[in-house]
């Protein structure tokens, strides 16, 4: 049983404006609930959390019981407390999987894990996107076709400010002429990280079977393979050396 | 002319205790001054800064005039303000080189740039270290022998909590039986980063010709090759697409 | 059921000299048979092959029924036919796992897969080796301690001429003062590759429980996760484009 | 002075058919001569070689006097002798730069250096290609705009069968809906390698200023920074250990 927590800042879907209405057409209860329903499986225990919840949705007892954290954020990145980001980072370094969605490229936690700008250029024009599978042997690509099309999307374009070891799994082609490494994997400490850009609050992308197949695979791939370390930051003093040393005269 | 700034927390060398005395034997004016003198060259403009200086030593006018920042810290990592770390990170992403020395593996700026624990195990036993050059084609290795010995050192041992794309340039052998990737390179954004573990406040390692050769090469390697970007975090809205798109009906 | 084939050039163990006697003390029926016995498990179908067998031990029907190929070679690398190396390479690119042992660093197949010299420096002095686990989260390290000691070994030392994406999993410390990336992983095409240096024909290293644990883990890690591609070299002409194109006037 | 040798199989341009005529419209004396003229610069000594020349164009005295080898091949890959490929590989491992053009992805030397299939899918439809610069800090990108358009090109599409450490510098968008990592760097041994797909025998792509800027930068980037090693495959026996060892009793 993999314990998944889907975190959503949950702002767009409750906004009392035209944008909010558009979001609710596709995600009436929020993106987190839609993803929970669409990814439901017997081997997953999926819980959800939002920014407005106590302790910003991730009290220690939930975070420390999470194997894979899925993260959606957009307009409220800065409201996430640095202390919480510290805790999430430690949990990832200790082995928790992290899946960052779409506009989460600018979340504090993704920037923290990458050390990079995670910058890109973007355009909201409702154009189409063709997502190419470029590493078909990767577990995240199991059952995913050579390419699939998202009919209407927001464009995210290169250069994408990510680390050199961000391994491209998908590259997207956009109707408007741009390209993007739309799915990349990383490992930091014992934790696996997957960033996947297809997704948006006003388009029904999180109901797309190919997108869900990718996310579903990503959860299994990112799940820890050994017990999660409690203190990955520890730097122990190895007083005794494996080989004998002469006494240390200071 | 490469503009180098050597930053030193400058605490050990002014401590009124036995440790401080030991430091002053080798670095009477501080590690930053010793490095400045030992690395002096006609093509370098070397300035120094310390934590106790105004704005923690790196006011904008200095940071924004620095091509390569060399960083020594140990006991005062936490005193460096997050706001300054933000600024340094942005400058690195924009193209400034960063050279992190020894105990700087636990500095805020190195952890920020790597996203990792940068954890290791360590031992202070005055043992010897043999530094092996494992990428002799790298510019940092120019003129460096296949290996060199540091007679007395602090041991830093694996596993070292660094990103997968931290490319090993040197690997150290320790008398006490440990190994360590003692020199690694990274690129983050447009900035080049070099971490080098040989070095210590109570050993004369920053007077060792091989160590100085490595650091000297690293400065030239890390120097920016194009103008440093002022705003690497920018995510511009590319309203006009290269290819024509139909009007966007929201 | 993972289908493993252990290939051994099988020359040392049958030599009528002092060296051969030494080998037979530890591997009376050959290294391949010792490994087959020591790695036996219900989920593995292990077969063996030697250079003297018909078609150099790997007729198509065996190679094409192999999920993971383990390779030992030393003095007869050049006798392996280029045509067989071509076939093995294709099978690896299509998804077969490849585990290369010790002196196999200079095998045609390892040099073919890496494109590199795979050069190193070496010494046969019966010294001890301490193998450090530097990526404890890797599946190959499951159940392997932070380090283990091989009491008598041949030294393989850096620099090791391998690709930049050869990810270090183990780094060895030698009594004589050298270091080596003694376990590295690679992926080429759909195939996973693991090189592991601890091992020797005259030392009982392939009876060491830690070494066997590593190799046992490596088999499971390298096993293909999808059907092996028959023709990974294929470059199909995609006559029809996903997007409509104007007629091509040559 | 960088010594560049441009090797061309030189078959298309001399063919007595419609295709040959088309080639000669743009490259009347061959692609190698066009490139030599277009890349001419005071700091470059450019020589050319073709498959029909003695020793397939690369006698030892030329190969061993070459700093950067540029390679064009297409229909005659198999005619290049394995012995010559061995020599070129050794020279690259020793430090010579290698720039592989367009259909050279299937050349023996590129496959040898990568160990991979170098497979892709392709289409000859005269469509347009937009080449995006995704690593603007790389020396190869100096003076190259964020993107440039090749009006008529052959499409090369993902997945591209290259090693994981093939670092993408350019990604192309095609009118027909495909994407491709059209410029990638590698290092093997001491040698730097650059593959660049834009280029074709029947389109005037090697007269495009942006393409020439990329190739011109690549030559400077790939040039060796230290003397080229004569024998990169050497595995020396390090009889004497840095640390004292007890006598070896066999």
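We just call them A, B, C and D in the order they show up, numbering each chain from 1.
The rule is short, and it goes like this: a residue touches a chain if its C-beta (ideal position, glycine included) is under 8 Å from a C-beta of that chain, and two chains touch if they have at least 3 such contacts.
All figures in this text were calculated on a predicted structure; none of them were measured in a lab.
Steps from chain B to chain D, minimised over paths through touching chains, total 1. In this assembly, the C-alpha centroid of chain A lies 34 Å from the C-alpha centroid of chain C.
Between chain A and chain B, the centres computed from C-alpha atoms are 30 Å apart.
Contact with two or more other chains is made by residues 130, 136, 157, 164, 174, 177-178, 187, 189, 242 of chain C.
Viewed as a contact network, the protein chains are fully connected, with every chain touching every other.
Taken in their complex, chain A has these residues touching chain D: 130, 132-136, 157-160, 164, 167-168, 171-174, 177-179, 181. Those residues of chain C that touch chain D in the shared complex are 18, 22, 82, 89, 93, 106, 112-117, 119-127, 155, 157, 161, 163-165, 174-178, 186-189, 232-239, 241-243, 245, 248-250.
Residue ranges of chain A in contact with chain C, taken from their complex: 95, 130, 136-137, 139, 142, 147, 149, 187, 189-190, 225-226, 242.
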